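Note that chain A is present in both complexes that follow, paired respectively with chain B and with chain C.
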Partner chain A sequence: MVLTLPHPGSLVAFAILGLVAGGFIALATVDGGTPALLSIGPYLGRVLAFSVIQALLSTLLSLVLGIGLALALARRRFPGRDVVLAILGTTMVMPTIVAVFAVFAVYGRSGWIAEGLAFLGWTEGFSIFGYPGILIAHVFLNGPFVARITLDGLNQVPAEHWRLAGALGFTPAQIFRHLDWPVLRAELPGVAGLIFLMCFKSFAIVLALGGGPSRSTLEVAIFEALKIDLDFGRVAWLALIQLAICLSMTALLHWAFTRPPVGHTIRSLVHRPDAKNGRLKVLDAVVLTVSALFIGPLAFSVLTGFRTLLAVIDADLLRAFVTSLTIASAAAILACLLAYALASAARRRRIVLRSPRMAAFYDILPDALLAVPPFALTAGLFLLIRRLGDPSTAGFILLPLINGLAAVPFAYRYVAPHLLTTEERYGRVAASLGLTGWSKLTIMDWPVLKKPLAAGFALAMALSFGDFGIIALFGGTELVTLPYLLYERLGAYRLDEASSIGLVIVLFAILLAHVSGRLSHAGD
Partner chain B sequence: MFRRLLLTLATLGLTTLGLATGLAQAQTKPTLTVYTYGSFAGKYGPGKTVKERFEATCGCELAWVTAEDAGSLLGRLRLEGANTKADVVVGLDMNLMAEAKSLDLFSPHGVDGKDLALPITWTDSTFIPFDWGYYAFVYDANKLAHPPRSLKELVDDPNGPKVILQDPRTSAPGLGFLLWMQKVYGDQAGEAWGKLKPRIVTFTKGWSEAYGLFMKGEADMVMSYTTSPAYHVIAEKKDNYKAAAFSEGHYLHVELAGMTRTTKQPDLAKTFMTFILSEPFQSAMPEGNWMMPAKTPASGLPEAFKSLAQPDKALLFTPEEVQQNRRAFTDAWLNATAR
Partner chain C sequence: MLVIENCRLTWPDFTADYTLTVPAGHLCAVIGPSGGGKTTLLHMIAGFEVPESGTLTFDGQNLLPLEPAKRPAAIVFQDHNLFPHLSAAQNVALGLRPSLRLSADEKRLVSEMLDAVGLGGFEERRPGEMSGGQRQRVALARALVSGRPLILLDEPFSSLDPSLRRDMILLVDELRRKRPVTILMTIHTPEDVADVADQMAFVADGRVVASGKPADILSSALAPRIAAAVSDS
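Moving on to the complex of A and B:
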């Protein structure tokens, strides 16, 4: 038995677990006492049931829209396709308030649809509050993201498979069965888990569009306990409940859909043989039209900020832009490093050590980071930092850290599959050449990894760029990000300026998504 | 490619470091750190004016540190505890006062609280009010010709206007309206909520979402302040936004400032506390924070503030009553509305 250094991925996993556990313990024991177990009253029970149902429905609909759209986009080429892809990668990173206003601009009482109907003589009106509004917002935010991720996966199918399918004269159904389905099966648990978590935690959207306190999520209770009751033990306890529910859900997904092995050749973009099928042409036309009608107006409504765009460009805005950029870059670097470390540990467990259960642990860990309520983790970590040093610098550490941790699952989605692919393709060659550690990273992984890593980096950056989570607590005159500025202007009645700032955020996210898309779609 | 990436990473790292050290540079004058909420210190808030005017006389620097809103301020103070850098906190409110006191972070202000323009007499020795207003429903007179004249009329009329409210668990005006209902209806508040419920469009997370939705035409009225119309008159030259005056009286919103007991410069903090109730600070409140000044400045109020709805009666629970009953009130509200 030789004593070896633990894998860096294991160290990262331990560090993350330690950080989260430390935060929880600090939070639960802040008053020196042990936290009393909180009973889940009837209201909390109803909130939990509602959260689970709305998150499941949102996930399901997002998957239907996203997968349909991804298949249609994989089969079709048309002018402006690049722009569409960039927009798909953008909706998810919108600040929630921008998304809420977009939904109202289109579906609200004085929205475009209501006005169109009134023009046609229909003045009855309709209400989107409740499930319709929540689902519209969630599917708008997440469906396009599913499409993006799935499309990336579909592009991974090796060229040989396509040639073989062509040679064998596969029908579209056989193509779906043998080429597309394995990709979907591999992507599904991860993506579905992410969407479920995002929707389960959704807060401002559910409150604004839910129409009443029966439509609420656990995050509201956490928020209340943290900011109004100042009851940190309760915060820790509620956060644990949330963590438990989210983790069981992602674990279930990973268990239900195991990842199939990948092909052993290099992919390249091909023309799909099923593109010529008449029925699929009709289907794709319908899918693309429906998606365009659904996503288009909502995305377009964000552009109303153009009117006052020039008026908001001032020193404050530029400073906020630089601050956002700095924090987002730091967060994205952290997210990519952690995702790489975890993914390579998962790869080692799965392929070299043949222990898929441990590998699944590493696969689920990033999702756990998303399940931890950011407010609770921030508060807990702050209490730790407070003991160690100057609390006024805490914001500088916590903002990139928390944003980075929250982006790990997204970066992981890009990095992990590619890393597995490299090992399956070149692992044995590398082992026989004695490549390990740094040289394995630079020689074997890097060439395959640089594009997905850059794509993950761009997405992580965009996510952090639009985030208005913990900045609410730790923003300040020295730490003003764009979303913070947006809320500041809203608080001063400047609705127009707020929508322009929202537009700036979205435009930058589109740019990032475009870069990320170019990197992840290009052939090797 | 790999080397280029490393280089980029290094540059980014250095930028971050530079940003941090640049901020940490030592200053020669003493610095008074004042915590407040975001829009107070923002571009359109009174923060810049207050800073200029105070620095003109104090021989010090005033540094604003902000959290999003009053609740976040309190949460942050709770987290920082005795290690807080705050010398003074500006922007708590009466409904958070008892919780704020229980933090044991504030020291008596010693400022003379007489001759205030508040509708109540101020006796608290820990906090001083710096501005105030009444909660009120704001409506567009071009669209709603006959607003209800009392809370009872609003609640009882099944064909009455639709309203947007804020969630009392996450928002100050949301809690304000909950207390208002409680004050008017007492034990019958649950039934009243039930009657009003069909006309409540939604409860939003905060004031900003609610007001934004109202401006986008999602409801006839929105929970805000009697002073909101003054913004539209002065900044937008629009006089169609009004606050509906209710005959039962309106719930009072008082914003508070306090100095910490942990401050390293108690004299400077005390000077600022006195400055808060002086002309230079108070005259910045109406058009900076869109609230009534706690002490009417000698220059008087702007014209638009004089024509605002003037409630006959201020409704108010003591901070202690709020602290004791908030949970019960919120639960009753949940029972009545969350079905």
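Moving on to the complex of A and C:
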């Protein structure tokens, strides 16, 4: 009998599942059992209702802003349009904690608007805590995301279709019906689902702008159960419910809204025939102005950090920068290694073993990781580490681990398509030459993979660098990252210092995202 | 009659200057190397490109001030002619009414046109459910149903295999003999149209280098350049 070793990707998949399951079991059994679900029923109902309502409103408003902006940008060419697109790209990679700062800086008690109103003699003030602040922050982060995705989709419409629309004399309504609407119908369900999921799980924004325990998402409720009440049983229940909801949504998104492949087309610049319509000119001007008034101040508020940047550079900031960099690098390396292992297992299943269902398992696993509540997983793993060793080191292990797992889906999207294409093109030649394992990696895969892998690495690093999640649990005198430092300064209403720290985080995240974007398109 | 005189278009890396006359009812095959300006010539006639100078008339009417929709020309591209969310009948109907609100007579006309291109019974098929040749037939039906007297075919059959390509060209020839239309068709393989085209124009470097009867063009001093253009494509 010949024993064959399992594929490394299979081992990685089982290790991830084992880690998640182990964490949850440790969490559920730490106090000898879990409380009855009914005992947290009313509280759970409130949290669920708030999570769903704020996520629905955030999604709806993000779609309205994003679609309007995308259509206006698709129809118009104007000086500075590229700058607008760049700003939209910037908000997409902006860490949530920096978005929180931006909301405080513009809409806060001593923000720009309050100062402006005070100058006009109106000193009543208004509160941004609760729905207003949460919705502003979510729409600020997600509206531009919708706009970019929709605009990319509209740019995929074949140039021939625009020419036909011109030749056939389509009215603006007919252009919307036959050209814009099919794109929106294809793109938006998936995008809306993703935004709903991210807002449903929202943590930093709701924690900072919620204004109290009555306005908590499940993620914040899990955090409070851990940090304030140390109620592991409640954490286990809340985490299981969140996991079930998010996994169902992830599965639905995968099953129902896979984007169709885009065929070859002429991509030359084509002017839309409806750009000349007078009413649309007015509508687009209104949409662009409103969007600029909403996004502009929030995006530029971070730039005020330049004024005090030199003043805040001290030992604390440098230490936090180095810590963030170290954690982000470790998380990115982990994310890339896991993504490569899973993608190569998926490739082997799909092409060599002709088992598309098993291949789909490896494809879905990275996205399923997004559904796992990070605080619950962290708490479970913390309990395991506590049994095995020194719990004071847990933060240094769990931060890169959890951030790395959270970045796997993004790294996977860079790596998997290239691995599949390489196998389709050279797999048979490699098999006939006997290339396997290391030799297959270095000779066949690496030349094609190095740029996507580097792109995935840079993006994973950008996400981890600006993350304000798990650090909220472990942050303190021993362990300080830049996002944690920013949160501390915001809590102390030291907005000038917060703006400078936010600026450092954003600039670094933008730099990494830019590198990622350049590398992902290199060689296209 | 289509008359193009010294129509000049300029880009940073390319300049075109066309002069060509195509008598009414003729099928003119436009041949030449890739990147030589064949498609630009058709796009200019359709109104997608506007020349800086020169004249462009059809049956005495100046086309240059007209929007693409107002020109007497219908165009078929190499690909992406059909809207994927509409049925074959709806795609054809766009040539009559972009609103798709058709009278009973117009619906009958659409069906007749699909019959004429050999796609009777395909009315409800979506483009994704049809072969490449069938999709191009639908596009051809739409161009013909519009009733516009000038049909521009921009390498419409390049992606089809040789025998199907030949069938489609014969179909175009058959259809144009039943209708008073003038056709300009860019094509990579001149021998496919040599026996059906009334006229052949060789376009290279943004100019109509020669124009005349296909047999004359193919046996002229340009023959080696034409052969080279065919092998390049």
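Just so we're on the same page, the second predicted complex is superposed on the first by the 306 of 524 C-alpha atoms of A that agree within 3 Å, B and C clash if a C-alpha of one lies under 4 Å from a C-alpha of the other, contacts with A are read in each partner's own complex, and residues count from 1 in each chain.
Basically, contacts are C-beta pairs under 8 Å (C-beta built on N, C-alpha and C of every residue); 3 or more make two chains touch, one makes a residue touch a chain.
This structure is a prediction, so every number in the text was calculated from the model and none was measured.
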Check whether A:L473 is in contact with chain B, with chain C, with both or with neither, and answer first, second, both or neither. first
For A:D82, is the partner it touches chain B (first), chain C (second), both, or none of the two (neither)? neither
Using the touch definition from the top, say if A:R163 reaches chain B (first), chain C (second), both or neither. second
Please work out whether A:L490 is in contact with chain B alone, chain C alone, both, or neither, and reply first, second, both or neither. first
Quick one: chain B or chain C, who's touching more of chain A? B
Quick one: is A:P182 in contact with chain B, with chain C, with both, or with neither? Answer first, second, both or neither. second
For A:Q174, select first, second, both or neither according to whether it touches chain B, chain C, the two together, or no partner. second
Can you list the residues of chain A that meet both chain B and chain C? none
Note: in the complex, chain A contacts chain C through residues 158-161, 163-164, 166-171, 174, 178-179, 182, 263-266, 273
Give every residue of chain A touching chain B within the complex, in rising order. 43, 46, 97, 100-101, 104-105, 108-110, 129, 203-204, 207-214, 216, 220-221, 223-224, 226-230, 232, 314, 316, 323, 326, 329-330, 333, 379, 382-383, 386, 391-393, 396, 400, 442, 446, 450, 471-478, 484-485, 487-495, 498
For chain C, which residues are in contact with chain A within the complex? 43, 46-48, 67-71, 73-75, 77, 79-81, 83-86, 94-95, 98-99, 146
Please give the residue numbers of chain B that touch chain A in the complex, ascending. 1-2, 5, 9, 12-13, 15-16, 19-20, 23-24, 37-39, 41-45, 63-69, 71-72, 74-76, 78-81, 83-85, 96, 99, 103, 167, 169-170, 197, 200-205, 207-209, 211-213, 215-219, 228, 231, 235, 290, 326-327, 331, 333-335, 337-339
